[in-house]
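Read the structure below first, then the notes.
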């Protein structure tokens, strides 16, 4: 039998002055225990349960750098979490674009090891999913949980390119062939339609201004992931249902297609697209990452 | 041609003092006719259309008892509906766990017959879907509508276990084998990831405190459902898109996989998970059940 | 690297007196740049970026006429857009129900040509998807973008009926056979379950009062769409996730099944059903059409 559950009137708009700012942007109109309390009760009764303090390590995806996380990291820090956003080889200020998936993984592993981080919530976005799969294999004892946010979960022996619909894969191969340094630069029209489809044109252009050519090789490397699939680390999948990277291709995609490979995982769903919300609604993403990352 | 439709300004936050509390938690930001009226109009123009008064019979699922419905039933009653939450064999205070699917069905049929209920909205949650399928076969004349809420809709000849992904089914068989009284007790980690994935840890533990070992036999019994599939009773499917019971397994799941077996049904979708909202957002669930159950 | 992004406190409920009414109903709790500014800032900092002014041509579906768009068109016009809602052969006041898909297409083409419209956002709802596919073939130079809203995207050589689940198709054929003038009239029960499932009964009846028998022939005509699939016109797909026209049939449906045929398209998702929101939440639909239609 369920424990006693007091039936008190629900209050639709709790006095937000008494709430943590981070709960303002919750997609749930009346979620959380605070929804159960009456507005006429005391100040104390409105206060939210203390939020668990977590250590996040946020690993960005392709056509992005560590600044992708700026808004989200600021929101998480405001809520009391510790947040790290490692840059990895071939990205950010690194002039060398001739990198391998191994080098990228090593960047993150070295970062975590050098700072001697423990009990981390390791988050991968997009291509970053394949990175945290490999990072997890090397530093499993430092992990509290893996969170995949619209991120690749590759099968053992697969490359990221293997998970792309034929049309997209072919497009990437053409863009790769057209580059002089084995990178892929997304045309704006494709970026706007598939990565930031819910943005305004101004937002899309602003985000695109931060996009640099992506080293192609790591996207096409087949990865040995046998060790990953033996890890008992808890896992979460955060899926945003307006994400259009796979542009509706049947038999492909983040969820359920790739997420299902995680075995038992925690599912969290949001209404965002692939990249826009990181810039436009960072507190929404922060809330979702917290829901995905907490115990 | 459509009848005349007055173009009056929309008002985003209607004065909620003039609305029924039950509409506060609606997931629709501007739904209902009240969204069409101007804030400056009179009191009368803000009043909602009268809500249809329904008789709900709510049938819980596995790892739950009739108290699962406490919050939701209270919300529905506040809105003027009549609500029954029958307990069934092997659950609640029943010490006998050696029950069959037939015994469970009989509990509900006897309850409805004894109280001589008519025109009922018969709601099944989760495993309760298979129960209302069998109950409906026996008392079709007492039913106004069947509502499946993230609930099993079995094919003729199937068991609930037949609809589980292989990995989950195997896990259940191991848990069953490990019990001394042919029950299955969910480990907290599994319950937390698949049943209450959007809850806080505190909420998850609180809900888990109400979970008792589930009689295993009814989950593995094959059911004859030929009569069910000949019933003309109207049907609704309520699907919550963060439900993670099938943890993303492709080719399985509530909607569209099992829902599609109902033929023509009314679809209602919400943003909840499998169990959390019954406790944390009961008025949201009540609203969705009303949307699923009304004429 | 991303351009500098100022970290200012988010404000959950921006002073809506300073916002365009059209943003009130946004499904995003804290979207848009205005979410980034502090409530204490000046009036200017709250003003929204100017909305792009578009020319919409809205093409309705079956069991509807041009009045289907009345509420949505009014909302779009309030926001400064130019909106046209052409009626087409066999619908509205046209007494002749013996029409072909070609005649319907010609109605729209002639309308656009006669008014000499350019740079149009051509929107098709439901059956209207197949119409804008054919219209686009004839006046590609007048189009800025195609928007499919829960709309048919037929393969070359297909008919609308080819995309219906067997059970629905069979039902339509029976209804067609039962008519004296080769039309199909939807029974209320079917219309209520599949087209307006989220409506109240009163709303459903009100909307149904505007439904006339639909000419059957155009639904069963195979269309040559080779020219359509060679068009470079930008495309968007607007999908409402409570749409129940395909009533959960696996392997059928708007998104991703038919949407994926568009190749690279912009995805926008909303929480509505097939028809209700056009009447009950027109500003929500207008916002979504703007998101789908803008550059």
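Assorted remarks:
Labels for the chains are A, B and C, by order of writing; each one numbers its residues from 1.
Note that in this section contacts are C-beta pairs under 8 Å (C-beta built on N, C-alpha and C of every residue); 3 or more make two chains touch, one makes a residue touch a chain.
The chain lineup, named per UniProt: A, B, C = Alpha/beta fold hydrolase.
These numbers come from a predicted model, not from an experiment.
Fitting chain B to chain C on Cα positions gives a rotation angle of 120°, stated in steps of 5. Different-residue interface: chain A and chain C share under half of the residue numbers found at their contact. Note: centroid distance chain A to chain C, computed from Cα atoms, is 31 Å. Across the assembly, chain B contributes residues 27, 241 that each touch 2 or more other chains.
Those residues of chain A whose C-beta lies close enough to touch chain C in the complex are 16, 21, 24-27, 65, 67-68, 70-71, 74-75, 92-93, 167, 189-190, 192-194, 197-198, 200-203, 206-207, 209-210, 212, 241-242, 244, 247-250, 271, 273, 279-284. Across the complex, chain C meets chain A through its residues 1-3, 5, 7, 9-10, 12-13, 27-33, 35, 49, 52, 234, 237, 241, 255-257, 259-260, 262-269, 291, 294-295.
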